[in-house]
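Each of the next two complexes has subunit A plus one more chain, namely subunit B in the first and subunit C in the second.
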Partner chain A sequence: MPGVEGFIYPNELELQWSVLIVLYPFITGLVAGAFILASLERVFNVQAVKPTYRLALLTALAFLLVAPLPLQLHLGHPERSLEMYLTPHTQSAMAMFGFVYLWYLMVVLVLEIWLDYRRDIVLKWRASTGFARLLYGAMALWSDNISESALKLDDRLGRALTVIGIPSAFLLHGYVGFIFGSIKANPWWSTPLMPIVFLFSAIVSGIACILLLYFVTCWLRRVPVDMPCVDTIAKYLYYAFLVDFSLEMLDLIHRLYEADESFRALDFMVKTRLFTSQIVLQIILGTLVPLVLLGLSQLVTFREKTRRALYVLAGSLTLMGIFAMRWNVVIGGQLFSKSFLGYTTYKMEFATREGLLPAIVLMILPFVILGVLIRLLPPWGHGEGDRGTHAQG
Partner chain B sequence: MDQDRRTFLGQTGKLLVLTASAAIAWEHVLAGRPEEAPNYRATDHWWGMAVDIEKCIGCGTCVRACKTENDVPHEAFTFRTWVERYVVDPADYEHPKVESPNGGYDGFHEREVRDPNLKMFYVPKLCNHCAHSPCVQVCPVGATFESQDGVVLVDKSYCLGCRYCVQACPYGCRFIDPRTHTVDKCSLCYHRITKGLTTACCETCPTGARVLADLKDKNDPIHAFLREHKVQVLKPQMATGSKMYYNGLDGSVR
Partner chain C sequence: MKPRASDYVHLVRMAGLFAVGITAFLVLRWLMVPADFGELGHYRTGAVPDNMARPIVYAGQAVCVECHADVAELRARGKHVRVACESCHGALAAHASNPDGQKPVRPDPRRTCISCHSANISKPKSFPQVVPEEHAPEGSCAACHAVHNPKIS
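On to the complex of A and B.
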């Protein structure tokens, strides 16, 4: 059989979850991470990251809107997906996806963004004409009360919402980890560490993504980069990455030391089929190199230009590393037979429903949505997101 | 006519009740759901299977019968049942040589085991109809379920095709039907066993290596089989409550 080595069960010839299912944890991870970065400013009052607060919220929303699309494209019967809401099987981790997703989208993100932007929306509503007026009116829910007391209430509600939002972000991504971690049939996935590893890698990828997006938006707007802001983000990225790396290494060392019945099969796989994506891309280039770069930036005081270059490089490598990690979990977990006696190959197609092309489109789409959101609700004003102290429009 | 009014009314009453029952049963038969007809009570049965590895000759008749009976696609990755051939060096039982060309559909080519130290045997496999099925647990919409008589079934009109159950099955028993884009698996020939017949694979097995078993039927030979043999289920460490009882299962079988 082409692509097959050793013995696999006959039904294992076809890989079940494709590159689209790699995108799903990658995208939800970016959402959770971006939100947690945003809440640093809001809840923990880290003023330095303020310039990225609104950008992080809008990014989280843009990615969250795209998150269910790879799943929809993957389903054999996408038209039946509503059944997950109407007749959910409560014992199924996957059945809870819809509810966690809706909770996060509507209650946490949309509401928080709305409360934060309400003043700006009302001001834009007042200042605009025609279709824009109608749009902003609808976005303000036709309520133009932006009195001092109303804005104060918005702020208090927003803060409370962020406090709920942090455990919700943990839930969103921890739950994605649980989907994999709870499959006892698959030793590559089945570990209670999976949700927590997913969570920390989510925080890492979200922070790296916002760091890069901030650089890009500054460059596009031709404004100087706020160095204390990026220095602080880089610091948080470094700490989160250290925790993430420790957890992943703990998992690896545990497997190596226990060396249970699946170990030989998994060990062989990592040394052959997953060598490039796991050892080279994920661990060396995607984790160790950015950790060294970020660690250096904490120890040595580089010039601003050097620091910027360093952060961009570290952020890009981090994102690649986390994507590789998702790939290794999802695809890697399907390359070996549950008989532990053989291996199969993943052949990615191009212009098919689950091929590379839709995957690329799905990765570009959040940035298009983010562009629209930024146009509608500019995250920067005179005071770079100073809530309640500046007027927009 | 010596029939009094009481007897007449009694007999008429019985006739009416019986006609109605027959009418109900006939409706289910026509609708293709005879198991719901009043004469089959799911709660009276608990289905499983006895598989005797020492009797299996690897002819593949069961695989062919299953594909025909259940209209299983003739693809290399769609099997409700299949047969594996193991060649094991007892000194290295952790590394058996296993093959299952086309799921054993065409039988196996003769393989001469010249080395007297090696052992060779065939292992028929199918859905284990677990009492604590991991596949049932993960289905997000309950499209796959355990019936009251212990058979794991799929409602194809409800399945999303998310493939989570395929990932969750430790035995590799599930596949996606390329025609319907929904999951498929052994139904233990539910359409047959609820009519008092045995499964297609058991029916056609020339050596009686696989025998359908009703664990709730006190007269079923399964009880003697379980009592008199050293039986084992596949991957017992998975604790799935498998109801496929193998006699002569070698430790090398995965």
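On to the complex of A and C.
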């Protein structure tokens, strides 16, 4: 049988969780990470990262809207997924998560963006005509009170939302890790560290994504990059990455030292089938190299141009590394037999429901949505100020 | 500055929107969830009689043997003795209750065999298996094997 080595059970031949299920934790990770970066500015008042505050919120929204789509495509009967809301099973983590998702989307993200943008929306409403006027009017809920006291109220509420939002973001991504970590039949997944490893890798990927998006938007708008801003983001990226890396190493060392009955099988898998994606892409290129680059930029003061190049390189490698990590978790967990005596291979299809093509489309879609959102609600303030416009709390 | 009542208008409207949304959800739920859902477990009680009312499609081999004793006897002499008639022939309850009106189609004597006997690493070694492309590149397996007693002695 091609692609099979050793002994496997019949139901292990074909992987049930495809590349789309790799995308899902990757995308939700970007959401949670972007939101946590935005919250830093809001809650801890980090002025330096302010130019990315609104960009991060809109990015989180764009990705969150796309997040359920890979799952829907994976389901044979996507319309039935709605029944999860109607008759949720309280003992099912997946079912309860539907509500976490809704809560996060509606109460945290949409509300927070709305409060933050209300002043802009009202101003646009006043200035526009025709359909745009209708749209902005609806978004403002036809209330154009942007007096100082009203805005102050919005700001206070927004702050409270952010405070609720941070644990919600933790919940959102911690849960994704929980789903894998709680599958006790699979030794590659089953570890209580999984939720927290997922969470920190989410923060890392979200920060890297916003860093890159900020560079791209500056370049597209032909405005200079705010160096203190990217320096600070890079610093956060470095710290978050250090924590993430330590956690992953902790997991690894624990596995090596414990060396339970699954160890030989997993060890063999990592050294053969997952060698490129785990050792080369995830650990060396996707973790160690960016960590060295970022660490170096903390120690040595490079020229601005070098720093920018360094950050772009480190950010891109990081994103690739986190994607590889998701891949290795989801796909890797299905490559070995429960008998620990054999291995199968993942054959990715192309233009099928769960193939590479829909995966690529799903990865482009958030950027299209982000483009529309940026069009509707420009994240940059008026003129070159670039600092957020909400009142200071 | 102390907020005035008018400063709350947009917030009240947003809260109203949420209230409308949640109410709509509850109404939808009330309309869509069957009344007997959850009485016995996390399913619709009516699903049990619904499933029981579905026509039975498998007759079970004890029934086949009553009329096709010759085939059963042939099978009893070979290794297919424990392979039920309908695992090769498919569901035939309609035929069993009306043998003359419902004449069954014969199963394909190549595809049927391959579905069980094509070599696969995850099958126990003791199970007879062949690589069809090598063993018999084309044609019916029945050309050499009697389907009901496949041993070629």
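The working rule: the second predicted complex is superposed on the first by the 381 of 393 C-alpha atoms of A that agree within 3 Å, B and C clash if a C-alpha of one lies under 4 Å from a C-alpha of the other, contacts with A are read in each partner's own complex, and residues count from 1 in each chain.
By definition in this document, a contact is a pair of C-beta atoms (placed from the backbone, for glycine too) under 8 Å apart; a residue touches a chain by one contact, two chains touch by 3 or more.
Keep in mind that what you see is a predicted model, and the values were worked out from it rather than measured.
Of the two partner chains placed by superposition, subunit B and subunit C are both touched by A:T87. In the superposed pair of complexes, A:R353 makes contact with neither subunit B nor subunit C. Annotation for subunit A, partner touching more residues between subunit B and subunit C: B.
Of the two partner chains placed around the shared chain by superposition, subunit B and subunit C are both touched by A:F7.
Within the superposed three-chain model, A:S147 lies in touch with subunit C and out of touch with subunit B [touch as defined at top]. Of the two partner chains, neither subunit B nor subunit C is touched by A:K271. Shared interface residues of subunit A (contacting subunit B in one complex, subunit C in the other): 1, 7-10, 12-13, 87, 89.
Put simply, subunit A touches subunit C in their complex at residues 1, 4, 6-10, 12-13, 85-87, 89, 106, 111, 114, 118, 140-143, 145, 147-150, 152-154, 157, 342. Across the interface of their complex, subunit A is touched by residues 1-4, 6-11, 13-14, 17-18, 21, 25, 28-29, 32-33, 37-38, 42, 119-123 of subunit C. Subunit A makes touch with subunit B in their complex at residues 1, 7-14, 16-17, 71, 74-78, 80-81, 83-84, 87-89, 91-95, 97, 179, 183-186, 334, 337-341. Put simply, subunit B touches subunit A in their complex at residues 76-79, 82, 84, 96-100, 102-103, 125, 134, 137-142, 158-164, 166-176, 180-182, 238, 254.
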